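Two complexes are shown next, each including chain A; its partner changes from chain B in the first to chain C in the second.
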Partner chain A sequence: MYKGIVRVNMKTLEITHEDVPEKWGAFGGRAMTSAVLLDEVDPLCIPLGKNNKLIFAPGLLSGSSAPISGRLSVGAKSPLTLGIKESNAGGQAAQILGRLGIRAIIVEDKPEDPGKFYTLEVRAGSITVVECPELKGLGNYDTVDKLMAKYSDKKAGYITIGQAGEMKLLAASIACTDRELRPTRHAGRGGLGAVMGSKGLKAIFLDDSEVSMRQPVDKEAFRAASKKFAKALKEHPVTGEGLPTYGTNVLMNIVNEAGGLPAKNFRTGSTDCAAKVSGEVQHDMILERGGKVAHGCHSGCVIQCSRIWNDKDGNYLTKGPEYETIWAHGPNCEIDDLDAIAIMDRMDDDIGLDTIEMGATMGVAMEAGILEWGDADGVIKLLEEVGQGTPLGRILGSGAKVTGECYGVDHIPVVKGQAMPAYEPRSIMGIGVTYATSPQGADHTAGYAIATNILKVGGFVDPLKPEGQVELSRNLQIATAAIDATGLCLFVAFAVLDKPEAFEAIYEMLNGFYGLNLGPDDVTELGKTILRAEVKFNRAAGFNEADDRLPEWCMTEPLAPHNTVFSVTDDELDSVLDFV
Partner chain B sequence: MIINLKFFASLRPYMPGDKDESWVDVQMETNVGEVLDYLKVPPDKPKIYLLNGVHADRETLLKEGDVLSVFPPVAGG
Partner chain C sequence: MYKGIVRVNMKTLEITHEDVPEKWGAFGGRAMTSAVLLDEVDPLCIPLGKNNKLIFAPGLLSGSSAPISGRLSVGAKSPLTLGIKESNAGGQAAQILGRLGIRAIIVEDKPEDPGKFYTLEVRAGSITVVECPELKGLGNYDTVDKLMAKYSDKKAGYITIGQAGEMKLLAASIACTDRELRPTRHAGRGGLGAVMGSKGLKAIFLDDSEVSMRQPVDKEAFRAASKKFAKALKEHPVTGEGLPTYGTNVLMNIVNEAGGLPAKNFRTGSTDCAAKVSGEVQHDMILERGGKVAHGCHSGCVIQCSRIWNDKDGNYLTKGPEYETIWAHGPNCEIDDLDAIAIMDRMDDDIGLDTIEMGATMGVAMEAGILEWGDADGVIKLLEEVGQGTPLGRILGSGAKVTGECYGVDHIPVVKGQAMPAYEPRSIMGIGVTYATSPQGADHTAGYAIATNILKVGGFVDPLKPEGQVELSRNLQIATAAIDATGLCLFVAFAVLDKPEAFEAIYEMLNGFYGLNLGPDDVTELGKTILRAEVKFNRAAGFNEADDRLPEWCMTEPLAPHNTVFSVTDDELDSVLDFV
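Up next, the complex of A and B:
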């Protein structure tokens, strides 16, 4: 077992091990990545320079038998937002790191020769860095294939970047392999693949074949809390039935019917495209082709919202695709062909791109006239250009903001430089508050107001009115930050918001595992601590109130079908994170 | 009066004629719950009722040309 903190210097190739300092002792996942960034990284540093750090941190419960506890936090100063970033991914990486006793891998500095790429080999007995010229220029799928041939270890995990990360494009993601060793689960947001590329780190091989599950301090208490948690997830109709049956894309129809689906680059709130690419249609197509619904992206998942998508011939093509991906490449671009969208998803995963950022970018590209609305073949050709690194491909691979600015577009859907996801802030105002004020930039997962605005989970706050949205977003941002520290999948929140015993079980699992005595207030305080660190980092990086705003057109251009504008006031937005 | 009725996800089997939506002729003063009862949708199955894209409930009265979209508990993200 390791001491907890592993530092990898990519200039000297030295690896050092440290005990977890007391100040970070209670931290995991996002709490750990944001604390390391605040303590050790100059907020004014150049994101792709030697002074930025890239941190991989499993959650507090990752590697244990706690249900659905395998989420990985990846942190760095973002080259996309220029602020603090925690990007969260599923797949096997967090469970393996947890079992190896690693609380954080901190990747520092960068190679003197920018053309060199390395693989970090992480085993129970040793951690080494080896040069990997044979992987240079490969996409994530080929990279993992070559690594599997080299290490031939079925009980392993891989964290990799594709060509986008090597080229240090701002939409570059970091891929984590799933249980089938496919690079389908990405730390997508914020361009952290570019940071990994800047450090010359092409891949991380994770081998936990010689270690076993982490053991709790109080086995009985932990087992009882885990059982209570799993039962609550199974009993809740969303986590126990809706998500496993239809996956995340079950949202397509309801968000569209509610007039909250950003269509045609956020020009309207509903579209006829939606019904053709809905979760129901996807579900039926997957089963017809021998794919799989109810698939878990990591060991220990009890929700199973992932799916396996086969092509028309019944051969594996990609996972999901997920709702956000289908929206971004589909209705946002007036594309209504699930097969074409699945190809785009596969390409994004392979090249190593954030699917939300790339779909939003293609919408902006259509707005700019680079290609026609609905041109699926054109999008696929442009994605090929991103992978090839042509001049246009590099512009597109740098995201919606860069693309829009290069082409003189005045309707660019970003906050803090990051593309807005699949919900319209003008007709779902709670999510608009989160987009505007999250230290992460426009990020639906940072405070998922859709739950209460649209889905009636955790109560109901009218999405079309400004009243109640600030409090809703604030509470969700705090709760989300805390969940992101545990390694639990954020989808547990649907049960937690409705079932008190699910929330109790979270701190009871932590208590049983670590021998602590946490209560509900401690969970809230953990969330606040994380947000305080992130806001402090951003302010030192030069952010102020003006950065906590939506694009001007959200307040001035009414959105069909409800003809609303975002009407939460600036003063109210400035009060969202008033506890920092 | 004619209304446009749409069922989604696990409610799809309750739609007459094996379709995802239909146009139903209902009497004046009919509310959301009464239409669903008529189509034998168990009252504990639907969770969200959108009338012309706005959240409604079982007591909301319908009017000519309304679009009623009905969902079981769903979520994603």
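Up next, the complex of A and C:
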């Protein structure tokens, strides 16, 4: 077992261990990454420079038997938003790190020779860095294959970057392997793959084969809380039924019918494409081809929204593309072919790209006339160019903002430089408030107002009116930040919003595991603490109120079919994070 | 004569005239452009969108017989810096606008069809907009040639954009013709050519053949002040001797010897390249080939720092490239061939690109490994790509920041997104203060501390020490803003700094011309008013103190030969514009 904090210096290749300092003692996941960034990284540092740090932190409950507690937080100053970034991934990494007793790996500095790449080997007995020239230029799938051949350990987990990360492209993601050891679960947002690439870190090999499950301080209390939590998740219609059956793409028809599906680069709020790429259609295609539904992306998952997608011949191609991916590469680009979208998903995962950013980028590329609306083959060819690093590939791999800038586009769907995800802020105003004000940039997971605006979870706030959106987004942003600290999957929020016992179970699990005495207010305070740190970092990085705004056209161009504009006022937006 | 304010709506093609409103009554040039922007443009508007405005404003004295009063201010929200922008150009445009009684042309909205381009025809009797499909895709030289054939008026002036502006590239400039009707004088900085392109405005034809010189209210006082002013300029060694003889490139050897010449993308402060591209060498080459030294870029110029450059065969190629251009394409890229640099200058002028931004971009491209250091042929080929709009051309035409982002470069010499010009902030700290704090982004002309740091004009402040730089930059920024409102060339500042009578003559000319009673404090107050407006706009556009900083490496990587870092503190920087 390690001391908790592991520092890896990529210039000297030194590895040091230290106890978790008092000030970070109560932190895990996003609480940890954001605290380390605020305490140790100059907000004005160059994101791809030596003074940025890349932090991997499992949640507080990761590595325990708490249900669905395997989320990993990856943090750095983002080269895409130029602000603080926590990007959250599933897969096995967090569980393994948790079991190894590691609370954070802090990757510092960068090699003098930018052409050198390294693998960090993390085992129970030792942590070492080895050069890996054989992996250079490989995509995530080949990288993991080669690493598996080398380490031949079936219980291992891998964190890797593809060509995009090596090239330090702003849309580069960090891949985590799933239970099948495939690099399908990504810390996608904010270009953290580029930070990993800038540090010469191609891969992390994680091996917990010699350690066992983390044990709680109070076994009985922990077990009871875990059971209560799992039961609540099973009983809620979204987490117990909708998500396992149809996956996240259960949303496609729902959001389209609500007029909140951004189609054709956010030019309209619904499209005929949606029906052809819906969760229902996807579900049937998966089963027909011998794929898998109701699959967990990491061990201990009780929701099982992940799926496995086979190609027409019944061979594995990729994970079942998520709703946001299908939206981004699908309706957003007038593409309605799930097979083509699955190929794009596989390519994004392999090259190591954020699927949301890349889909949004392709929409901007179509707006710019680089290719026609609906041209799926064209998108696939362009993704190949990204992997190859051609000039056009580098433009696209730099995301929607840079692509729009290079082609003079005046309709670029970004906030703080990051592409807006699969929900229209003009017809789902709660999510618009989150996009505008989250310190993370446009990010649906930072305060998922869709739950209450559309799914009527946790009550109902009319998505077409400004009233109530500020409070909704504020509460969700606080709750989300806290959940992101625990290692619990954000999807537990559906049950938490509707069932008091689910919320109770969260702090009861923490109490049982750590022997604490937390109450509901402590959870809220944890969320606020995280947001305070993030806002403080961003202000020092150069952000002010004007950065907490949607693109101008969201307020001036009414969106079909409801013909609404985003009408939450600037003053209201400035009140969202009023507690910082 | 017109009412003063001319509005051109590029969507409806309507042209309206209005009196100068009271609030803008005392404004010209930069005072006018910045006031219009603050009063009428949403600081959060999309720079290439319909709600940005492009403003052309001659100085208060433009069109009069005041010596060297023909500078034009062009303003808009910058697509490069995302803040307020005034870009200042020589050539004939301001004199003609002044004589026509136009205080500002405000270009609004944009055509529904982004493929349409128009020419604005401004004559004494009428102002009209005509479509000009025949100019589409042409460079500035061909554009002006075609316009001259059409209008066949030798007294005319032309304001045009090349391919870069049509493509809305972030480094696109706006060209103004000089006395020989060549498009050599550019509002280069901040990508205003892209704004002009976004509005579908390809060219402005200016014809003052039917009007005469503007007449002062108090002829005698005006004539006396003008004479006093011209005399002071003639007597000062910089404006009376250095600039006419060697042009702006008189600086090359001086700045290199001071260790303040950014070489190899700001990696060192001096280089052997400098001697081969110095003003002295340039001077002799120009005369050998039958070119011209001591030439004025606009009528009424008494400094005559412009020159005409002929190629090896003695044929006109371009204006004599300015110091900043020679630095950017030369020592900054390890290129020491003046003929190659002159070709680049001609290409920049023709395609319509800011020479400073493009040279800095080529330095970043070399840092990225796109081409070798010193590869002049490679740069010329890349500039061709910019004109053609290839993907790589679009990257480069988007400037140093985007180029660095697309290629993962961690050493990008920009402030507020705009490339730093030809003076190293680590060894000439006064200019570093200006780069950091000017609302315009990195801009040597916003507060030319070189005068006092290096040329010992207006006293001496040691360039290698932080002491005194804040006050120096503050005073220069205020004085510069005021000068930019008058239409006087910034180079008058050399005499103004050393000779009290030169400063007096400025407000005496204004008093004589307008029948006013201004004193020295009024000039200072005018400068402050301009800067207040600009800072206010920028704050509302999202800037805060953190944006008033140099790139991180200026504070951390010592620069040879003096091995200094920029050591003016953050608190000191925040005090520069303390009057706003």
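Quick note on the criterion: the second predicted complex is superposed on the first by the 580 of 580 C-alpha atoms of A that agree within 3 Å, B and C clash if a C-alpha of one lies under 4 Å from a C-alpha of the other, contacts with A are read in each partner's own complex, and residues count from 1 in each chain.
Assume a residue touches a chain if its C-beta (ideal position, glycine included) is under 8 Å from a C-beta of that chain, and two chains touch if they have at least 3 such contacts.
Note that this is a predicted model, so its numbers are computed, not measured.
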| item | value |
| --- | --- |
| Touched partner set for A:321, first chain B, second chain C, both or neither | neither |
| Partner chain in contact with A:363 - chain B first, chain C second, else both or neither | neither |
| Contacts of A:546 with chain B and chain C, given as first, second, both or neither | second |
| Partner chain in contact with A:305 - chain B first, chain C second, else both or neither | first |
| Chain B versus chain C as contact partner of A:67, first or second or both or neither | neither |
| Which of chain B and chain C A:48 touches, first, second, both or neither | second |
| First (chain B), second (chain C), both or neither touched by A:245 | first |
| Residues of chain B defined as touching chain A within the complex | 6, 8-10, 12, 20, 47-48, 50, 52-55, 69, 71-77 |
| Residues of chain A touching chain B in the complex | 236-238, 241-243, 245-251, 253-254, 257-259, 270, 275, 278-280, 305, 323-324, 444-445, 448, 450-451, 454-457, 460, 462-464, 490-491, 494, 561-562 |
| Chain A-facing residues of chain C, complex | 42-46, 48-51, 79, 167-170, 194, 197-198, 390-392, 394-395, 397-398, 402, 405-410, 412, 539-544, 546-547, 549, 551-553, 556 |
